[in-house]
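Common to both upcoming complexes is chain A, partnered first by chain B, then by chain C.
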Partner chain A sequence: MAMALTAENTSRYADANGVRVHYHEAGEGSPLVCVAATAFGATAWGQNRRNLHALSQRFRTMLLNLPPQGDSDKQVKSSEPRLDFYARVLRDFLDALGIERAHFYGGSPGAGPVLKLAALHPERVGRIVIDAPTGLGKSLFNPMPVEGAAYTAAFGRDPTMERLREVMEIQISRPELREEAIELRYAAAHAPGYQEARGNISGPMEGLLNFINRVAAPTLIIWGAADRDVPMDRALAAMWEMPNARLHLFGAGCGHWPQYERADEWNRLVIRFLTD
Partner chain B sequence: MTLDKADSDRYATIDGVELHYNDVGAGPALMTFHGGGPGANAWDNTRFNVPELSKHFRMLLVDLPGYGGSDKSATLPEGKTVDGFLARLMRGLLDHLGIETTHLYCSSFSGPFGVRFGLDYPERIGKLVLQATYASTGMPLMLSPTPAEGIKTLMEFREEPTYERMQRMMDYFIPNPALRSKELVDRRFAAATISGHLEAAARFGGSANMSNVQREAANLKTETLLLWGGQDWMVPVEGVLRAMGEIPNLRVHIWRGAGHFVQYEHRDEFNRLVLDFLTH
Partner chain C sequence: MATQTLTEESTSRYVQAGDIRLHYNEAGSGEAVVMIHGGGPGASGWSNFRTNIGAFSETYRTMLLDMPQYGKSDPVVIDGDATRYNAVAIKAMFDELGIDKAHFIGNSFGGATSLRFAIEYPERVGKLIVMGPAGSGPSYFMPRPLEGIKALNAWWDNPSREQMAKIVDLFVYDEKFKTDELIDMRHNAGLSRPQHIEARRNSTNRVTPDFTSELHKVQAKTLIIWGRDDRFSPLDFALNMLWRIPDAQVHVFPECGHWVQYEKSDEFNRLIMDFIAND
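The block that comes next holds the complex of A and B.
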């Protein structure tokens, strides 16, 4: 019987042109890079640990922490446009591993870097999956700021367990799935050196609608219908901007974490799309 | 595998209505239903998906009364809704065939009947696949003018059923010209001009006879997959929003550049998505 995948036994490090990238790896075959959100305390393991086993049956799967998330570089500083910086880190990561081209997944703020890489270096990107991207502009129908924003901001100012619990109640609709997510996020938010490094990557954020019409790669956009953190109507804006897009919405109360809340169905959907 | 329609043509008389259907493949039952436009019929609606899906399911491609090879003289009984009548009829067909439960795939006009079937006969349904449909297709649109641009061409064909008007209607059916073959237009035109079809379709096609499934949709226990094309000129994609708000066990898949015929326009992805949904 194969050994179970853990955060520890899948942890790897790469030198992406001087930037230390911490990632998790499992499986063989075509490369798939899953880029985690850069929100406060978000990590690749926390975001995609319910997907790694299934994905690794079909792909050489890497769950990646952009600096300063997880155990990635806490020293590197950048004030250049943020997506350009992240896209370069991703490209340098591919170079460091000798990967010519990979499929990519990006969740929430992790989607922008993936899309920017695809716009700047299309030859390095195969198929793309993005989950509830931030940076797609104002909701047409949700009063702004969106409900989750206040809780996320409060946790950012005062990173207590109580504040985090409030954030997760907004983001994950199924209570039984919250506890482990809360523990991982709390530990990451309080990891040595992390809070001090939060301001390192500080450049301006470009709106995704500026450039995603140049991303020709086949793209699957996924969203939860009951997302209180990033308004779901933006999914349609993304779909219309991207030449080769399709959109999958999870109903039945699915919140901001379809990859986590609906892991089995999500895994099958993504694997099938990437192997088309 | 070349499919000859004639090999699988079947007929059954249920509640006095003669139904034509095609019976292809083996496995759990999957009944498929077409839309309400002139010339719609079960075989043309689903034939691009039959080679793949019939490997996994016993497919029953059923012509609604007034369409294809089914009864052109059928009328909607007094006081009955279209969706309720069709649901009863198709349950009768299942009984006739000795089939306990079936998955349903319902395109466009037949969507509300699919929801009705799930509401009225939950013990007879497996899962529900809806395409470019949910609430009655005659409902006023929320986000663009009514009637939809494509529906206007459909109405124009009904007024004067010429080949040119059918061509124009098909332009609004399938946005990608590379996918609009002359063969598709010819077949649809031939089906639309079958004697008695247009009059019979008009008897059933009125949304005034459809019950408001939206009011009851919260009670639908059935796992549901809703498929749509972003570029649908016939039944615009805003219909997704109603379904999202009302159908409890739902997932939705929208193809950006597709029109009202996603099962053809994206047949490989469609087949894989439907197969995965129905088998898990």
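The block that comes next holds the complex of A and C.
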């Protein structure tokens, strides 16, 4: 009988050319690397724990924390362009595990690093799934900063449980799914050494529209239409800019966490796309 | 698993649906999946869905309907909203064949018909899949009529192969599909039944309905499909429908025009069969 997957029993560490990368792993087969958001208190387990079991039935699935998220490197500092730094960490991670090429998923700010890796090292990337990426420029319709982004910034300045609740009430519409997400994010935001390390990766952020027209890998863009954190019209911008991107929108009140709120359908959609 | 070779002839069927006779092509067994073609000269169930019936018929009783005024169905005169007329005819067909419920896959005007059926007879619909459907009133971004619709209207007024070549050029995205064979097939199919052209000309007060105020009544779980490069039905209609249909998703295919199930047939077949099979 298979053991249930937990954060602890899936936890692994890799040395990505001197940078410690904390990730979770389950399953066998073609490698799939899921890159978590780099938002304050976001972690790979927090973001994708409702996807790991299903994905691991078909793929060697790794949920990855870019430094300094999760238990990844709290020492490494970088002021080079941020996406270049993250893309290099991802490439070094693949090298450390002896992985020639992997499918990739990136959520929210985790999407930019995946796309940058694909632009710089296309031979290391198979198919790509991205969920509500940040960095796609100004909304055509939503005044900036959008509602959710303002709450997230407030939490970053004042990381109390009350501020976090305000963020998560915007992001996750179903209350029964919200509590565990809040607990995990609060714990991660207050993990030893985390807040001090937040300024380590400080380089300028490149807009994704600068380069995603060079990402030829087959891509699936997923978005919840009711996303109050990253405006959904940016999905269309990404779709038009990329050479081979199809777009899937979830309606029915789905916001910023389709991989979490619509996990069963999301898992099937992603697995089917990656095995096409 | 060997796929049987399906031909138009081997799958051809007729059914009496109330006062009119409808033609359809059928293969496979199991839950019923009906596929409803779009408007445009030469359109029919087989011509629209011939690259899909093979895959679907391995799992489903797959039925490619010819709407009234099209294919080998009767050339009736239809006034006003053809989606209402079509929905009544489909219900009569279901009653005649003892079909309790079916999944619907509707292309363009066939998508509008499918929406009308789903609104009027929700208990007869399983899942609903619509590709570039008509029926959302004005686009927010593309002036009407869209260039593809203008090209179609020009053929109806004055049929010519040259005009059909223009239609095909706008219809599909990939150059490899813009073949003489396709142009000839659609042009000749359009001309082959002059009684259908006559019936269409006699159908006065033809309206394309605007479903916007009724979409909230669609109970079926719905997948709204669009080709990114559709020049016949505007992409922003997908968002209009997504926000109004209670349980809906959108899927847009890149480098794809107004005939998604043909231009992206493998990916389409797998996506839709997965959507139908799972909740």
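Here is the rule we use: the second predicted complex is superposed on the first by the 276 of 276 C-alpha atoms of A that agree within 3 Å, B and C clash if a C-alpha of one lies under 4 Å from a C-alpha of the other, contacts with A are read in each partner's own complex, and residues count from 1 in each chain.
Following the convention adopted for this analysis, a residue touches a chain if its C-beta (ideal position, glycine included) is under 8 Å from a C-beta of that chain, and two chains touch if they have at least 3 such contacts.
Treat the numbers as computed from the prediction; the structure is a model and nothing was measured.
Aligning the two structures on chain A places chain B and chain C in a clash.
In the superposed model, A:250 lies in contact with both chain B and chain C. Touch criterion not met for A:87: it reaches neither chain B nor chain C. In the superposition on chain A, A:239 makes contact with both chain B and chain C.
Touch criterion not met for A:16: it reaches neither chain B nor chain C. In the superposition on chain A, contact of A:276 is made with both chain B and chain C.
Judged by the touch definition given at the top, the superposed model places A:225 against both chain B and chain C.
Once the two complexes are overlaid on the shared chain, A:62 sits clear of chain B and of chain C alike.
In the superposition on chain A, the residues of chain A contacted by chain B and by chain C overlap at 225, 236, 239-240, 242-252, 264-265, 268-269, 272, 276. The residues of chain B lying in touch with chain A in their complex are 230, 240, 243-244, 247-256, 266, 268-269, 272-273, 276, 280. Of all residues in chain A, those touching chain B in their complex are 225, 236, 239-240, 242-252, 264-265, 268-269, 272, 276. Contact residues on chain C toward chain A in their complex (touch as defined above): 228, 235, 238-239, 242-243, 245-255, 266-267, 270-271, 274, 278. Chain A makes touch with chain C in their complex at residues 225, 236, 239-240, 242-252, 264-265, 268-269, 272, 276.
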